[in-house]
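There are two complexes below, and they share chain A, which is joined by chain B in the first and by chain C in the second.
Entry: the complex of A and B
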């Protein structure tokens, strides 16, 4: 008890210089307090930097696609001939096609590429990417190990044809506009979950002012869109889970 | 706020009729089901308390001495109860739900917390708990038969028959590709129905009077398991034998009413392969 009384007296003795006496309560040592707030702020800023900048940077591993596929070039009718279709979806489904039974082929296999790029000896264009395709994959007849941006967990069932054919939803509504891309974006894989950043969304906070369907691909986003479209019955569990 | 649900809507109500007189007890339905739905195997498959069988074949007898002994087999999938399924009302994680549009009781493995209340609540023993992670021995070909349409279960969750729900999804995709919204009877059939060599299992929409199942359920030989507890199972059984029908529920002595319409039996039943033709 004695010691405590002594220590509480000390501030009033030492702090005559700067603040006027009686301005702060006696138990508050203003110099120590400023120091403490400073430490707190330094810690807070450090924590924020770690949490918002360093952690997301470390969390996602950056991987480049095996070949830098140029969507813009292929969809340009002046440069590439033969990709037919008037609407954008028809052009998309020239390569990202539906099978006859209604299932979606997703990322095309090598056979789709070799429909045009058939002879490794004579490339159609002059780009280094095409040479790469010819020598590494077409000549050796190996599948290209594409990294799929929108790969969902195994327990999820998604019917593309229900959304494209029946719901009349354009591809870029959910996938973003790939048609003008000259370069494929980096594939960012979450090191903990193994899923692409496109599932969680680019923002680590998960908070958006005006969320577009292409921002995130989580279950809540599916359900939100179903509700907005008046398709609430499709929020039943066994519609999207398998 | 309670939202309006779809109880009253005449949606689909998928159900099954199993003719026990045709069932030979071969077990093809069990095998077909396990292969279709990526049901894991145990190193020791004879451990019946731990083995997972969505479709299970039971053997029942009338309990009489030699000259009068009769044996019947009955396959038991999930009953997909139509009225307050006991598993759904006890589920603390909302991992299992009755879908009012299809009548299928769903089970979401990633949502299940493995408390096994549903297993205790199910009056039919149709639910199974995964004590171990899914196991498909390599080099024996089992791993190569895995279906990508059904997600394998992890340890610590409960699983059960889903009426091959992925086949409904497949049929729907096919329908959408052909610009249809409705699917035909033969486009959605469960694996056990297709596999049964005796044709004992019939599957279809109970709400559609055109479908074979809704005609079969009107037959006087039709019964359901534990019908009087009010769960309204969507799996119906048929048998011309009174003792089999009697075993479908717990009757007090003298409570069971035998089917007396013998003309039905003679005209309709004896034309089909079953016990009467022997």
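Entry: the complex of A and C
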């Protein structure tokens, strides 16, 4: 005891049973080492829990959309008449339209809804969502404050028409398949940046084995796709950051 | 196990190691970077649908067409309209910065208000429009009931001929007060000059684009004179990039090396206020050479040669007067310009194919001098440059419908018989419609203000009048002041009640004949955005106010709103015919066009025309250069009068002394130069001060968009102090260096400024920029520099009575 205490230059504080002498090098106080590793692991595991579980849970706030819009219902010709278009893209752009000057309107304004849902007094269906639309927005002529899953920072210039018309990229390639959704997904807003989780991607690690374009919408993803499509020249800074 | 220091460190090391293999540090860094882009004070462009709205800029009398880019309902950019005849795509810095006047809430009144703080403190409390109308209508009705309608006065800064000014004048007529006072501007000097020499109550029309020699007497061509968009365009045409193709010569007559003077082909610097002598000196050289336009002079002018009136009295003509008094040597003594320069300049002017002499003083905001205008116009007549292409044109006025007749009640009829407080239109001021300096003076001189209620429209006289603060003093004495200004300006801050107008981007308004344009032009601006605050178009407010007053006042305003009145007046344009409501860039309005027999006006009914007028915002008659001579001049002689018989008649009714004319006999009826009088002692005040204007600050009552302050050099505004430009020689005489703080003292007051040594300043003259020294508006405009108007001691211009603001005696005292 005395020898070991001397060799470690630090008195052992426990009087527990020890492995036989000579098993470990003399300079190693095994009890202390076990303790060190133990505490190291405590810190490590705590950090892993914080980094992988708590941080993502705290980072995003959950917000419901103002109205639970039913894409599947609207795109079902048996139930809703008037969404014109042969191909899926044409149907999408019936509401998510391109303006005359080629700019993209994005999420439709109330005026688009009232093309059909014009009279607050006579709803077209029987859903509570439509009632909500009529009383809260159509009757008061207020814009619906939609939360936009794919909203990018203002410093990013993105042209839809270049991708959809010239690049022939289908809407759901980047946005995922909304057409079959009966409910809008929960909107997870990054508390720091104010943007949706869809930009960084639902996986907090940011890594995917078989990444689809709809998984993430960060700058690297844009660049990766440009390169794959042989449009590397479009990775120059000023193409998007005007 | 205890948590020792060692164990704690182990935990931390474990934690640090662990966190590296989680996304936290990398994601967190990325998010923080994005978070910094989204701070709430970082300006972010709005997203939405883009649109362009065409309208007309109303920030100065230039009337440029503007195209406003909008994203959804937010206006984001103002540009010049290429499809507009006046500016053809050009725009000035003030026009470009106009959005700050719309969206800068701290500059504006956001709804009707009444004063709660001391006068001038700018403390107001919100009230409803109903309450506001009740207060003002009650006050006016009470004054009318007590038989004192003349105690109601209106100061109107809208340009003459606009629908807004027509309505305000009508309101005063209906109420029964003669005290409708307009602010003087260069247009008034032009109008009066045209009346006395040509018998035409019309604006001046200079055919600049077709001229090959522009002799500018004081016009700030690059400082915002006339319609700035038009003049800048003309300047571009005059200065073709290829020197061989350059065809127009510019001569600038001005005492200071302004931008115009610096860029002109020749800069002639006479002493301030001696332009008339110089013009007559040039006339002398031309007459003496015998090479004036004898044909024009003989056929179309009156009073050139000596003549005899019907009573047998002999009169000396313009020729005799000029030959006797204005030889280059005599003129040189007055102006300081060398005789040989005058001889050469006169020859160049005479030999040019299409020369024109134009008259102005800086921008259009302040009046000029009648006899100076007459001298310059005489030079045009002498060389036959009137009613000739590239010279001075004589188009007909704009055929707007007059407002319909209405019945006045007894109170109004009695009130209108009372004399005007400013004595405008009396024997002393026969051609002057209103004189705001006399108005202020009358109030200041009486122990109790004869005006009980003053309404101020589109004007900020407490700041813009070159009167040494006289109007501001008068305001303090008037019991009740109502301001219709959209902005928190100095005059509005003195008001008891605010009925805020919309800004020019939120309302319909009309623009009648941009200053100096050679063809009749009517512009119509429309709301680019809906009023963003609780403000109302002043025209609508006037109509509503009249209805609230009721009785015969209300019935004089049968319209629903302002737009109805504009439409009713515009019907006159349709009835007169011959106008166009769209503009083809390939056929500029200044290019002579021969209307063909089959030419269609581009509209087929009045409603069609009105629709197109609203959409395009323009009506004009293409240039009609040489007009038939008979009936062109409506003077007593039917000719262009070198010798103005109207002035002669005015002198006979009053006397030359009453009209403040320094010379006697025949000279008094012709262009002449007289040494300006000043009550200030020359030895006490050895220098003279001249305010000057700039293109990059707004004109008149309009606040400058704060952006523009960034364009000012450190020799005009440095932090809180503005500069007074003086010649290095003058500065040396008083031991002053660049940047020294001085008090500029005049007999009426003192302002402090820093010295800027400027070689382009005439010795013994102190030049001070106009537009600084606000006490109203917001933190960006308030307390920056000083307002030279506060120390102007202005004498009255002969005949017109307008202030001679360009010649105040001052001294410099180092602080």
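Methods note: the second predicted complex is superposed on the first by the 226 of 242 C-alpha atoms of A that agree within 3 Å, B and C clash if a C-alpha of one lies under 4 Å from a C-alpha of the other, contacts with A are read in each partner's own complex, and residues count from 1 in each chain.
Everything that follows uses one rule, which is that a contact is a pair of C-beta atoms (placed from the backbone, for glycine too) under 8 Å apart; a residue touches a chain by one contact, two chains touch by 3 or more.
Note that this is a predicted model, so its numbers are computed, not measured.
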Please work out whether A:208 is in contact with chain B alone, chain C alone, both, or neither, and reply first, second, both or neither. neither
Partner chain in contact with A:23 - chain B first, chain C second, else both or neither: neither
Counting residues of chain A touched by each of chain B and chain C, the higher count belongs to C
Which of chain B and chain C A:238 touches, first, second, both or neither: first
After the superposition on A, what does A:55 contact: first (chain B), second (chain C), both or neither? second
Please work out whether A:44 is in contact with chain B alone, chain C alone, both, or neither, and reply first, second, both or neither. second
Would you check which partner chain A:155 touches, where first means chain B only, second means chain C only, and both and neither mean what they say? both
Check whether A:102 is in contact with chain B, with chain C, with both or with neither, and answer first, second, both or neither. first
Residue overlap on chain A between the chain B interface and the chain C interface 101, 103, 153-155
Seen from chain C, its contact residues with chain A in the complex are 1, 6-8, 10-19, 21-24, 26-28, 30-32, 34-35, 37-38, 44-45, 47, 49-50
What residues on chain B touch chain A, complex-wise? 6, 97, 99-102, 104, 106, 108-111, 149-152, 162, 165-166, 169-170, 172-179, 181
Would you pull the chain A residues touching chain C in the complex into a rising list? 32, 35-48, 50-52, 55-56, 59, 99, 101, 103, 105-106, 153-155, 190, 192-195, 200, 204-206
Interface residues, chain A side, partner chain B - complex: 98, 100-103, 153-155, 157, 159, 161-162, 165-166, 233, 236-238, 241-242
